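Pasting the structures here.
Below, chain A partners chain B and then partners chain C, in two separate complexes.
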Partner chain A sequence: MMHDFAVRIGPVGFRVGSDWRAPVAALADLYRDYPAPQDGIADFTVRLFADRPWRRFIRPRVMIGGDYVLPEAAPLSLRHGLLAAEMAMNLQMALGQRRFLLLHAATVERDGRALVMTGESGAGKSTLAALLMTRGWRLMGDEFALLDPESGMVYAFPRLISLKNRAIDVMAAAAPGGRFGPLLADTPKGAIRHLVPDARSIAAMETPARPALILFPTFGHDDAAREVSPSEVFVRLTQASTNYVSLAERGFTALTRLVTTVPARAIDYPDTERAIARVEALWAAL
Partner chain B sequence: MGRAVTSADGRLLARALADPASTATLDGAGWQALLAMARAELLSAALACRLQGLPMPPAARRFLDDALASFEQGRTVALWEAEMARRALAPLGVPVVMLKGSAFLAAGLAAGQGRFVGDLDIMVPHEAIGAVEAALLDAGWEWVKPDPYDDAYYRQWMHELPPMIHRERDRMIDVHHTILPLTARPTPDAAAMIADSVALENGLRVPSPQDMICHAAAHLFADGDLAGGMRNLWDIHCLIGEFGTEGLAARAVQHGVEAAVARAVRQAGLLYGTDIPDRWRVRGPLDPLFTRRLTARDGWGREARPITRQAFYVRSHWLRMPPAMLARHLWTKWRKRGQPS
Partner chain C sequence: MTSRYRAAPPGAIVAVRLDMLTALYHRASGQTHLLASPAPEILDALADGPLTADTLLDRLRAAYDLIDADAGALAARLEELVDTGLVERR
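Right, the complex of A and B next:
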């Protein structure tokens, strides 16, 4: 394609081709400290293209394509080309990943052990993970945790942290030295701004971690925590996985092992400070 | 990497399938283009089977190992789906012949190695079609297309029932009573296909090797627009490799698909170097155009050559139905455009 870019995020290589220079230039800048795909061979191909030739220039509209596509995926404005690229990369993982059991979760690591936070969109996983990153944790990823069925280890997938709406200001204050992408206003998901994971998270992205705690955070309620039974964790994680069904027995075995060996807690939090304190207390009590 | 990869076409994939050792000269960009094409043509697991044991970059090996694992899971699901249909239809006592990918997998054929299977395709005698439909509905399958025009169209003119999907397993079944639409010019001998089919251990049947080749060829060259044609032609290559061409010409004449079969055998020889007798190697003036359409895929996994594709799309409708009927059909479809189907 006219413009292209390749990157490795954790164990996964991507190649992005685009009809326009801008999205690829934004990616190349934000991912400049990341390595290239192993052997120059990406696992997934992403394509950003104009559905009609004139759409390249007149009210340019970015269609999302690649190895795996959703037929009803809506185009985005070229202003949001970076978001289109990130969405397309996530889509390849969600639909095409077969090596790892994919959990829709944010993951951080300390002392070789991983804290896996999952929950509905808007529960604040990305923000919590980004905040923990500024306080000595290694960020493994804010979108997908990659569970290796063979070893039971979690692999990092530290793509750009996608901050939405209020989280943008929270992180601007919490990570003043952080590298942020452009502010994308009025996207279908509201305002979005990407934060590049810190140098340490990028440098260690090939190192997996043993899962030690599964957390289901919910924002907006009084400070509280409760245990979650393995059976409930199992059901919630099957819902949080995009490829549990296609991995079949491997997925079932991997998930069963995870929920029977790793404790789980649900926490409610009224503000991020208390969430962080709660996380540290739970972690210390393990 | 841009230029070299973009200029590649499906022949890169064909060469790797036909001559796995040829991949030894690929660089990173070459592998990338090959793997993207293989995935787009649903041939990545077939490629993985062919390249097993050969040296390759670790990233390519990982890619192909994933494709293979995916295929193994797909095979389990496809065979289970066939078993579900067998159980639903066993009480009827009618012969049930599996077609295409399911048949290759169930019979353990070379064409089944790395073959992705989507829908379950079966063929039953025309007179049993009503009973089969009722038995499937009873066992949990339901209609996919509630549109009355589509439904009536299928029942009057197609070679199969309107597609059904199982409400719990979410898998489609296509129930055929012959192998080409009734509106197409050739009239295959469906009764002979069923009579000469071969029973497997579980009671399900697969067509004779010659009929499998005739069906694949008819599907590719006398019906569709050649979309996904590299995979269909790879099926044909594997079937000929395993069973040869003995008796194929006579069988093709019996089904009225001799032109499609001759073209399929020839194209397999051109694209995959299939070992075929010299008398099948008669050059046709349109052969390069067909090759051009079959290999219209670029190193980014994109469909290439839009004009060629469009021409074959028009051809597919021309083959499928007479002109007046085509006009009526397209008019109806045009008036219903934009409505959810």
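Right, the complex of A and C next:
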């Protein structure tokens, strides 16, 4: 690979190799405050390459690859190279992570305790996590919560926050001093813009937190909250985990412990302000 | 000859009661099951050794004070457990 970049996000080291300079330069800039992989050894290798040799130069298209690949992955245009790099890093985690039970969830921390928010794509968990980060919470991650089967603690994975469509303007207003990546228009997921987690979240990324509340937010018309039973949480989190099956009994033990010891609520919210108010009220009542 | 049913031996499954439902990990298959009553009770009763459906019903009736024990319903639950591989019919 002609261009190369390495970074550590939480406990995970990545090396990204690319046929083109631009995606690697964008990553290096946005991740400039992050450390290098521990002992220089990456857990996962990501490759961005041209699907045909001439595609490196003519209407360039980026294929993503690495230690783990999805055979049906479609190429992205080079102007979405940053998105391709982020997707490739997520893919390596989703398919290859063995140390932690991976939950598709956004996590924030306060007073050493973690709030884990999970839900369908579009439920607003990235936006809520980013907003909470601007209001005194530490952002642990907007995509994956890493549950340690041995200790029951959640480890942070504070990659770039991926803001989509309306969330881009919401966060531009809420975090005027934030570092944003370039606006990526017309991607397969709509408009995307990355936000760099704040300095505090990056500095504390090696510190795990004890999970204290599991939240299932749904954006909609209602403003309501309800308890979620441990068995429902268990089913939802097996579905929200990308590696539950491959962790076998370690995954089962980690997840049953989580759902039997941590309370869970589902909230419906019509706007982010009321969602934040709900979160603060639920947190205060713990 | 009457069929006898036998559950996975103790140690072959890990069961955690969550609420009304019990999560169960079957070590041999690596599969996770979520069971509602009376399936966990059936597995418990069969853990010590194979039983016929009639004997099993008697044991459950005695252990759980069942007043509306129904042989047909028990047979259906047993077949479901056989399908999952948690119970063996011989």
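Just so it is clear, the second predicted complex is superposed on the first by the 286 of 286 C-alpha atoms of A that agree within 3 Å, B and C clash if a C-alpha of one lies under 4 Å from a C-alpha of the other, contacts with A are read in each partner's own complex, and residues count from 1 in each chain.
By definition in this document, a residue touches a chain if its C-beta (ideal position, glycine included) is under 8 Å from a C-beta of that chain, and two chains touch if they have at least 3 such contacts.
Just so it is clear, the structure is predicted and the values come from calculations on it, not from any experiment.
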| item | value |
| --- | --- |
| Three-chain arrangement built on chain A, chain B and chain C clash or fit | fit |
| Partner chain(s) touched by A:224 [first = chain B, second = chain C, both, neither] | neither |
| Chain B versus chain C as contact partner of A:58, first or second or both or neither | neither |
| Partner, of chain C and chain B, that touches more residues belonging to chain A | B |
| Partner chain in contact with A:17 - chain B first, chain C second, else both or neither | first |
| Which superposed partner A:37 touches (first chain B, second chain C, both, neither) | first |
| Which superposed partner A:45 touches (first chain B, second chain C, both, neither) | first |
| Which superposed partner A:248 touches (first chain B, second chain C, both, neither) | both |
| Included angle at chain A between vectors to chain C and chain B, based on C-alpha centres and rounded to the nearest 10 degrees | 60 |
| Contacts of A:281 with chain B and chain C, given as first, second, both or neither | neither |
| Which of chain B and chain C A:70 touches, first, second, both or neither | neither |
| Nearest Cα pair across chain B and chain C, whole Å | 6 |
| Intersection of chain A interface sets (partners chain B, chain C) | 248 |
| Touching residues on chain A, where the partner in the complex is chain B | 1-2, 4, 13, 15, 17, 37-43, 45, 47, 65-67, 98-99, 246-248, 250 |
| Interfacial residue positions of chain A with respect to chain C in the complex | 229-231, 234-235, 238, 244-245, 248-249, 252-253, 256, 259-260 |
| Interface residues, chain C side, partner chain A - complex | 14, 16, 18-21, 23, 25, 27, 30, 32, 34 |
| Parts of chain B lying in touch with chain A, wherever the complex brings them together | 1-2, 6, 27-29, 31-32, 35-36, 39-40, 57-60, 62-63, 66-67, 69-70, 73, 76-77, 300-302 |
